[in-house]
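Note that the chains are named A, B, C, D and E in the order they appear, and that numbering of residues resets to 1 at the start of each chain.
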Amino acid sequence: MRNLAALVFVGGLAFLLLVIFNQFDFAQAPMVVGQGILMDAPDRVGAANIVTAVVLGYRGIDTLGEISILFAASAAAGLVLGRRRTDARRDPPGGFILRSGVALLFPLMLVVGFYIILHGHLTPGGGFQGGVILAAAFFLPLLARPETPVNHAGLSIVEGGAGAVFILTGLAALLQGGEFLQPLLDNGVLGELVSAGTLPLLYLAVGLKVGAELAGLMARLADVEVDEP
Amino acid sequence: MMPIEVGTVLYAGAIGLVVVGIAGIVLSHHLFRIILALVIAEAGANLLLVLSGFRWEAIAPIITGGDAVQTMVDPVPQAMVLTSIVIGVGVQALALSLTLRAYGAYKTLDIRELQRRMSADLAGEAGTPLPQSLEEPVGGRPLPAAEGDGR
Amino acid sequence: MIWVVALIVIMMLVAAVTVLLVRNHIAAVAAASLVSLLLSVLFALLRAPDVAMTEAAVGAGLSSVILALALRRLGLGRVKDA
Amino acid sequence: MNTIVLTVVLPLLAAFVVPVLSRVSPLLGRLLGPLTLAYAILLTLQVWLGMEGKPFSIALGGFQPPLGINFYVDRLSLLFTFLTLVTSLLLWPWRNETEPRQYALTLLLAASACGLVLSGDLFNIYVFYELISVASFGLAAATRSGAAFAASLRYLILSGLGSVLVLCGIAIVYLQTGTLNLAQLSQLAPETLNTPLGMSAFALILLGVGVKGELFPVNSWVPEVYAAASSRVSGLLAGLVSKLAVLVIVRLLVLLFQQESALQLMLILGLLGAISGELAAWRAKDMNRMLAFSSIGQLGVIFIAFSIPGKTGLFAGLALSLHHLLVKPALFLLAERWRGSLVGLRGAGLASPVAGGLFVLLALSLVGMPPLPGFWAKFLLFTGLAAQQSVIYQVALGVVLLSIVIEANYLFRVVMNLFQPAGDNSVAVTTDHGWLNLGTTFLLSALLIAGMLLMGPLGAWLEGVAMQAADPVLYFDTVFSVSAIH
Amino acid sequence: MTPLDELLLFSGLTLVFLLLLGRFSYAGKVATVFYGGQLLFLAKMADRIVDGSIVTFSLQVELFGQQMSWRFDALSWFFAVITLGAGLLSSWYASGEWGERFRRRGGNLWLLNVALAANVFSMLILLGSGDLLALFIGWELVSWASFLLMTVAGGRAIQAAMRYITYAMSGAMAILAGIVLLWSHAGGLQYGQIIEVIPQLSQAQVWLLVALFGSGFAVKMGLLPFHLWQAAAYAETPGPGAAFFGAISARMGLYAIILVLVQLIGLARLSELMIPFTFLDMRDLWAWIAVLTIILPTYIALRQSDARYLLAWHGIGQGGYMLLGLVMGDALGSAGGLLHVFNYATNQAVLFFAVFAVMFRTGTADLNKLGGLITRMPISFFAMLVGIIGLAGLPPMNGFVSKWFVYRSLMIEGEPLLFLGAIIGTLGTILSVYKLIHNTFLGQLRVEHVEVREAPWSMVAPMIILMLLIFATGVAPGLVLDWVALVQSAVGLPVVENTLGGVELASGSLDMLWVVGVLFAGFGIGALLFYSGGRTRQVHQLDNYAGGHFLTAEIRYHYSDNFYAGLMHLIRPWYRGSFVWLESTLGSLLGIAASLIQRLYGALHPSIYLLVTVVVTLTWVLL
């Protein structure tokens, strides 16, 4: 009965949302801000990937908030899951194929991850995507050899350090009389690797932070034992 | 009859994801499914945002060299969705950690059962025990003794 | 174009419903991953390569891994479980 | 002037660094947070003195407002920045055994709260709102009891659902206007958002954000979380976070959705919240639950206040919010030792008369005994409601009056229990409140008394704050004149 | 410094002094002196009051555009005299052996002293209010101060106090609603502004105002149907507190009624407000409420077996006389109502003092466990005798004068039904006060009370003062009537033409000097006849026989249980407890609503609420 009522309301919600969104002409939305940014970005920011320009430039504080959320989630998860007991039962190590595969994949993924991060201002991809790949790279060995202890201290240093770099880069601009997170260095030539001012640096910080955060999260989830209350 | 437009299909897809997600949250009682449903609903909302920046005949907002000015799609919603996706995964990880711990404490993954056991736990801690289930009257049934043992 | 889009959307919705209806939790995670994957294809079609990459990496990849890990810890990770 | 951004950034920085620092030096780790917050408070005061009452806007990253994100600093946002920092400092988890992660989460909460108040961009507000959410989930679970985990999880699910709704609302606004900058939106709103579509966006955002603001039907997490979380966290959530959520809604109302139906929607939900919260609190059997339900009721009243159109509503709502912000954390701090069944509290006030006296003072102010500040806040609300012609406002007036009667009843039932000699079957009550809790409560009560004595100037000043915040044109001009100068 | 500044400052100082030093044994005595000092300050402003001028308070507060001021006019002054008198005597009563014993038995004397001072102080603030906002603040202060005093005893008193505060808060909220409504019409809360705006309001609006204000003030007065809280709350308060409450506390409601309904809105306007579906107007309604308040509580008092409760229930009933006289609105009726405030205060105080004196010595106020104390506590007996004569409204005590005024006014105004009601009430009063004095002081002395002595002087002295006062103002009501006339002219009622002994009226005067003279002449003759017969012989109190048998002290022949058995048999079916039923039904309804809501909040899976609300609001918005 309750489910039936809920279904009716779900149907109602679908209908209402359809009614609402059908009133918009598809692909005709006013692009007030978007157009402005498209005109402004190449000269102001100098990043070929305008999404990156938005993420790190125009909406840089969003990104700061976002890595803070990841940090908060990771800290909260750490708080919730707690420290692992040393005598806890561990998973059996992975098989030979897994282990050698990991050994092979690990450097490859590192390279790919950093490549994606560092080309974030030029091509699709950037700190988030690259960070995820880095996280996967660090998580894979754990899957293969569960008995290896996770270096949470190292991870938290990377987390904190990368976050601090992001903020300090922003503060540097503030100290020079600009606004917080104002791009600092010269824009350089559009489309080159070393261009777009401090954007690559910021994206590197984001990538490292995201990578460390997610790796830590996965390691904790893989590591936790449930029976302990 | 009007031909179905791509826009309608896409909006329907996005709304469908949102609604399926919400339906999952509301209808499902299994914590794990609820978290999955939350992920789906968020994905739908993300799609909605991306749709709001779409333009026909436009290219992705990346300058590929050559200074021919081409129309591009709106980069702002894309940036927002990037943010939103990462937020989503953080929340999801936290939710799963909490689920693990809640399961560890109460040995159930049913959200209703979890609520019951938690309320009983909280009430017991506070020294205000909940009344027993109202379906069963308190105390034994005052039935006449059965034939066999009525000696 | 419309048929491609419609096909993807329908598959996506079917996968989403599957997530809720299928009894096996591993299959549900797989279906959720499929939703993300199809969504990232849609993002790519919508000229949002960055988002598509992120969705593929985060939604289809990382998120599924996290879910699977949690499932294993909850003791629900076996395929045979109903 | 642009140092105000540091109130967001420095706590964030401290939060990032604190886990590492605590490994190096636990003492530094413990001190970093409070020092950062104290410094941020000083910065806020400096900006306050520098702005001379005139609002200004900061273009973050030097990207001018409609394109980039701006921080809008007026007296209201600065006031709440200040209050956020001070409350976080007062409710700082000082205890020795605290994990550094909890410091980090508290700092993140403070930072995001400041950002939420200052931000002038809809999506940026959403990001900070999510940050507050995640931090508060973590803090709510920080007691590491099973109940805390379960309550926090249920809170998270409801909140996540709310986030999806907010995102949908943002999508509607963006589809309709093509911008997310509040100043620009406030200019575009009369043509684009004064439609059913705009209203549906408002409804979605209201219900989404309302989860944190303890809005009526989406607040069932409140009793669970407050009963399971530590008192300091409960105080922070009930006192601060809920107000910030309300504040976001109010900003949107003033700038974007100045329509009757939006106000009515809020009014009705607030009404239901007020009466349901107070009634539930009336029946509550333990301290934390009672305070939680009472906070739902109070928030309902605050929603009612903000739904009065124009400056009057803002003034009354702000006064009520400030009062609640002062009183609720203090009550939660007292409840830390007095948690548990209300019957078991017999004699607790006799055992620790100072705490009992403070409880009575706070309860009296909450009930609205003149001339305590609570009365004046409610008086503003009542006069505002009575001046409205619509019947529903008169109904609201009656309901709020009724809720006060109920509130007086249950609060003083507790007071009577506190001051009756303990019977044989009452639970032994720990008398020790700890100097920290008692000191903080004392400070908050002293502020309350000071507020009563300085009610005249305080009221005039608050009215100025409300007047400034109620002016969308000023908002627009401020944000865009800055861009002209740069 | 105006005299009012001095008065309020001194009153505040008294409170502060007691807060700091109230736990010492001398505090009560010092406080008594302080109350005397306050009375002196009050006397100091008497000449200005007599001039008809107003004494202002120097401090004015302006908040949120509302000017708040305080001032004393004749009305405030009149009530303040009674308040301070009651405070002085109560404090005196408590300052000696009574307080010592109270403390020894585990009572909190500090709290009692402080609460009494807080009550006096807050009442003075209320009486001084110069606008409606100040009035409300004073009102709330009085409410909470009373609550404080009620809780002193603990135990059952707490229950009563909780009931009181619920009623009082409901009343206060009704008043606040009225104030806020007035504010929205007048734009301010000064009395002048309100008097201006009232004629412009529609009948419906005034109706609402009268209902809100009236019910709010009625709660404090204990008028029907808001009377249930009062008896227990007053009776359970320890000695002096109960006397103070009985004497003046409930009259704050009358003060406010006079101020708002008579002075601001005006009785004439009340007569214009018709009650739908009846031929009554608002003023008739008030008169009938007054009469019902006289009758019902008085007959409930008749059933009480606890002396304190009996008196407290009477207090409610006597309020009805005051209101009845007042709504008559003519010179004689309103003078009777106002005079009764004073008279009743003296009567009730002396009665409570006597009852608590008995309690002090015997440890009980249960009317079934007392009797024959007349020889053991003669002064207390005499105090109670004077008190009940006054309360029942018989000459030569002052109660007679005020009630005579009210009856006379009812007759002149042509209200036979109301008159009949008042008479029925008086009948009940006489019956129940006789029960009081009979069961306490007359009849057989109980064995366990043989050793009982008269109460100590610290308790007896206030009683003697009150007795003298009652008798003096009974013989020469003109002493008080002068003040009453001042009040009448200040409020805008017709002024009574009084003489020292009473009034001169075309339709028949009252001169108490004559009445008392004749009465005492009669007594004298009676006594002469009685004693000249020489047939009296003094025997021991326990030396008794009945039915030809000597009775030992152990045999109980003093019937007190089921007093008035025949009458009770007759009227018992009328005690339905309807109001109690109404109250508990309301409470249960609220309880049901509350538990439903708790279930809502205890929902197992609450996200469905979010879904439902989203759908409903979106539908509402899109339509």
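By definition in this document, a contact is a pair of C-beta atoms (placed from the backbone, for glycine too) under 8 Å apart; a residue touches a chain by one contact, two chains touch by 3 or more.
What you are looking at is a predicted structure, and each value in this text was computed from that prediction instead of being measured.
Asker: What is the touch distance from subunit C to subunit D, in steps?
Answerer: Minimal hop count between subunit C and subunit D: 2.
Asker: Chain by chain, through touching neighbours only, how many steps does the shortest route from subunit D to subunit E take?
Answerer: Shortest path length, in steps: 1.
Asker: Based on mean C-alpha positions, I'd like to know which chain lies farthest from subunit B.
Answerer: Chain centre farthest from subunit B's centre: E.
Asker: Could you tell me which chain lies farthest from subunit D when each chain's centre is the average position of its Cα atoms?
Answerer: That would be chain E.
Asker: Go through B-D and A-C and name the pair with more C-beta contacts between its chains.
Answerer: When the contacts at B-D and A-C are counted, B-D has more.
Asker: Quick check on this structure: which chain has its C-alpha centroid closest to the centroid of all protein C-alpha atoms?
Answerer: Chain nearest the centroid of all protein C-alpha atoms: D.
Asker: Roughly how far is subunit B from subunit E, centre to centre by C-alpha average, rounded to an integer in Å?
Answerer: Chain centroid spacing, subunit B to subunit E, equals 62 Å.
Asker: State, to the nearest whole Å, the distance from the C-alpha centre of subunit B to the C-alpha centre of subunit C.
Answerer: Each chain reduced to its C-alpha mean, subunit B and subunit C end up 15 Å apart.
Asker: Roughly how far is subunit A from subunit E, centre to centre by C-alpha average, rounded to an integer in Å?
Answerer: Chain centres of subunit A and subunit E, defined by C-alpha means, are spaced 74 Å apart.
Asker: State, to the nearest whole Å, the distance from the C-alpha centre of subunit A to the C-alpha centre of subunit D.
Answerer: 30
Asker: Please list all residues of subunit A that touch 2 or more other chains.
Answerer: Counting only residues that touch two or more other chains, subunit A contributes 6, 9-10, 13, 16-17, 20-21, 24, 29, 31, 33-34, 37, 49, 51, 58-59, 62, 65-66, 69, 72-73, 76-77, 80, 124, 128, 214, 217, 221, 224, 226, 229.
Asker: Out of subunit D, which residues touch more than one other chain, so two or more?
Answerer: Where subunit D meets two or more other chains at a single residue, that happens at 123, 127, 130, 134, 137-138, 141, 144, 146, 149, 152, 154, 157, 161, 168, 174-175, 178, 180, 200.
Asker: Taking each residue of subunit C in turn, which ones touch at least two of the other chains?
Answerer: 48-50, 54, 58, 62, 66, 70, 73-74
Asker: Between which chains is there touch?
Answerer: Here the touching pairs of chains are A-B, A-C, A-D, A-E, B-C, B-D, B-E, D-E.
Asker: Note which residues of subunit B are touching subunit D in the complex, please.
Answerer: For subunit B paired with subunit D, touching residues are 18, 21-22, 25, 31, 34-35, 38, 41-42, 44-46, 48-49, 51-53, 74, 76-77, 80, 83-84, 87, 90-91, 94-95, 98-99, 101-102, 104-106, 111, 114-115, 117-119, 121-123, 125-128.
Asker: Which residues of subunit D touch subunit B in their complex?
Answerer: 123, 127, 130, 133-134, 137-138, 141, 144-147, 149-154, 156-157, 160-161, 163-164, 167-168, 170-171, 174-175, 178, 180, 224, 227-228, 285-289, 339-344, 427
Asker: Quick check on the complex: what are the subunit D residues that touch subunit E?
Answerer: Going by the criterion above, the answer is residues 154, 157-158, 161-162, 165, 196, 199-200, 202-204, 207, 211, 216-223, 261, 265, 269, 276, 279-280, 282-284, 293, 364, 367, 369-371, 375-376, 379-380, 382-383, 385-387, 397-398, 401-402, 404-406, 408-409, 412-413, 416, 419-421, 455-456, 459, 463.
Asker: Quick one: which bits of subunit A touch subunit B in the complex? Just the residue numbers, please.
Answerer: 3, 6-7, 9-10, 13-14, 17-18, 21-22, 24-27, 29, 31, 33-35, 37-38, 41-42, 48-51, 53-55, 58-59, 62-63, 65-66, 69-70, 72-74, 76-77, 80-81, 122-124, 128, 190-191, 210, 213-214, 217, 220-221, 224, 226-229
Asker: Can you list the residues on subunit B that touch subunit C in the complex?
Answerer: 4-6, 9-10, 12-13, 16-17, 20-21, 23-24, 27-28, 32-33, 35-37, 39-40, 43, 46-47, 50-51, 53-54, 58-62, 72-73, 78, 81-82, 85-86, 88-89, 92-93, 96, 99-100, 103, 109
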